[in-house]
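To keep things clear, I will list the structure first and then write my remarks on it.
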Amino acid sequence: MPEPSPSRALIDVGRRFYSRNWVLATSGNFSAVISHSPLLLCITQSAAHKGTLTPRNFLTIDGSTRPVGRTTARPSAEASLHIEIVRARKAGAVLHTHSVWSTMLSDRHSAEGGLALQGFEMLKGLDGVTTHTHREWVPILENDQDMARLAGAMAGVLSDHPDAHGVLLRGHGLYTWGRTIAEAERHVEALEFLLETVGRQK
Amino acid sequence: MPEPSPSRALIDVGRRFYSRNWVLATSGNFSAVISHSPLLLCITQSAAHKGTLTPRNFLTIDGSTRPVGRTTARPSAEASLHIEIVRARKAGAVLHTHSVWSTMLSDRHSAEGGLALQGFEMLKGLDGVTTHTHREWVPILENDQDMARLAGAMAGVLSDHPDAHGVLLRGHGLYTWGRTIAEAERHVEALEFLLETVGRQK
Amino acid sequence: MPEPSPSRALIDVGRRFYSRNWVLATSGNFSAVISHSPLLLCITQSAAHKGTLTPRNFLTIDGSTRPVGRTTARPSAEASLHIEIVRARKAGAVLHTHSVWSTMLSDRHSAEGGLALQGFEMLKGLDGVTTHTHREWVPILENDQDMARLAGAMAGVLSDHPDAHGVLLRGHGLYTWGRTIAEAERHVEALEFLLETVGRQK
Amino acid sequence: MPEPSPSRALIDVGRRFYSRNWVLATSGNFSAVISHSPLLLCITQSAAHKGTLTPRNFLTIDGSTRPVGRTTARPSAEASLHIEIVRARKAGAVLHTHSVWSTMLSDRHSAEGGLALQGFEMLKGLDGVTTHTHREWVPILENDQDMARLAGAMAGVLSDHPDAHGVLLRGHGLYTWGRTIAEAERHVEALEFLLETVGRQK
């Protein structure tokens, strides 16, 4: 069962991420599932300031990213990535952040197509991981302004890496998700922490 | 149409920038256009603390940087740079920040006369930029305590680089602008993020 | 005499540590002694968010880590480490943080089995240290998901290093303690400061 | 004329410095002159938490660091350094911070006996400095737990460098001052900014 008012929880997420510099300059976007069948997603509107979100910065879209109900708001341009993730992972929430470390590392490791995280207790912040010896492969997708093509690439990488908890877009940032908004936020914190740690090690 | 009370919005900008260490030690200055013709600019007074601004820390100046109305306050010494930017870009707001990364990078790249930013999704935080493949050239001006000469140099660099969204002063910081205060703040966040990213990469 | 309401003080500690990124993604755990004989410990429950703790996120355990009183909450999986520390050091509070710098340095220096801190005035933040010439050896334990084995290793390292004020777990974070919650928090701040300083020096 | 209630202003300074990690673990100490002749100084008591100061964490001392009036509080162990600075510089306030960057740089440059800052606009945050071409020499004193000897060394370095706006203690932190608390705080912000900039450049 999704929470009654996902926008309220996402507003708090935005405030916390903004204070950590993870969603500067209206970057980032957030969504939470209202219904899986038919698919209805509460998502941030395009170009909203993520540190001062209000309920009016959210809208509901269907599985084709079409707005539902009376609204003049447009969903984030990356709404189709949210839809792919929700479908592939049965996720209840999808969070996209845009930190300095994820931007740098997604560029530095793009040639390898991903980045391995291993040996850190913080990996246990990821759903189902029970030991620091876990090896988490974070795939890196080439960035693309063609959203249909990027959504297809996202679907492909999610299928190729069924155990991945997050995906990086090169020079762009992190996508992660969870069954609930709280779990997705925990995944953001764990992955951003690990990326900063690996980034500073080199 | 400019907002009714630009000082209120600039007070909030100052509080946010101060918490991010972008305007320490009374550095930085902010302005917003009240009227384009004749030119009237609401600007921070000289040497004000940017984290705790009050309406009394602002004054109105004309296109010659002369205070308008009854005031004993002096405008920021850099008021003439604000005037040049407003004229050259038809800007509605000008924000000058003074971060560690902009200070370092403006010094490191001064010999090249500027700094290129390319390949980052965050570039789309800049007005009119629609793809990460955009190449943003951020010109660097030599710092100068002669304000008339520096204003002339600013006018020159704005003319030579009509597409630039910001200008660095060497060892000094960033000037950027926007049609509104919100757009100018978005430009600060995008450019400061990009400078930190490039600064950490090397 | 322990404070009347340790959970209230630990809630404030959590909020401060979360804002400093020392307990992201539900990492970290905190405890305070209610009674030394018999041993009763107020401790954070497993998987609680450390920035928004409430009294319901705490429970009381005995010296065998068994919950006391009516509760369905489970203590942190690392409760046995808290018990070992309280017994070995006669501590009144134990705080475990999980910062980027402690994660990095505990990995970098694991082969030496520890890390020396010397020459810093901040060492005087540690109980009983009166000069910057003090040499503080911070032992590093190999991380382990077998809690009984890890508790045994903790007991061993505390016995081998009777003067140590903190212990690092490799790739995991810092354990420190104090006679009071305030002293334990001071030890966290001093050690995290020193680890960041040493980490940036290299 | 000193402010009527210096402790109130110093409480706010402490809160801001603590949030920037400049006075962790009860490090740092602050004072403001109540009277120059006879010399009376309002100063933080020993070992107070600088982020949550209250009026009771302050006491008044005379020019021999002896408490004045009915108090059981002891002044900071470094009170004699404050007295030397107030006398040598006719200062109205003295602030001592303890940041990671000042700790690192005071160690790195100790063999040269100081550190030069030049070419930065932020130098104009220092009283009387009107151009970025100014060369600020920040002397570094060897740290010492013998306070009489350290106070003598401070008096010597202030006399040898009459234009210096601050002094570093090796592995310990920064001392700066001003005619008012606000000016001293501006000096802290300017010098800490410059130290971080120089520290990151290398």
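So that you can tell them apart, the chains are marked A, B, C and D in the order they are listed, and the count of residues begins at 1 in each.
Please note the rule applied: a residue touches a chain if its C-beta (ideal position, glycine included) is under 8 Å from a C-beta of that chain, and two chains touch if they have at least 3 such contacts.
Just so we're clear, the structure is a prediction, and the values are computed from it rather than from any experiment.
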item	value
Steps needed, at fewest, to go from chain A to chain D via touching chains	2
Angular offset of chain A relative to chain C [C-alpha, multiple of 5 degrees]	90
Maximum centroid distance from chain B, chain identifier (CA atoms)	C
Interface residue overlap between copies chain A and chain B, same or different (over half shared)	different
Gap in Å, rounded to a whole number, between the CA centres of chain D and chain B	32
Distance between chain centroids, defined by C-alpha means - chain B, chain C (Å)	45
Multi-chain contact sites of chain C, meaning residues that touch two or more partners	none
Touch relationships between chains, expressed as pairs	A-B, A-C, B-D, C-D
Touch list for chain D against partner chain C, complex	21, 24-27, 49, 98, 100, 103-104, 107-108, 143, 145, 169-173, 199
Contact set on chain C toward chain D in their complex	20, 119-122, 125, 130-132, 182, 186-187, 189-190, 192-193, 196-197, 200-201
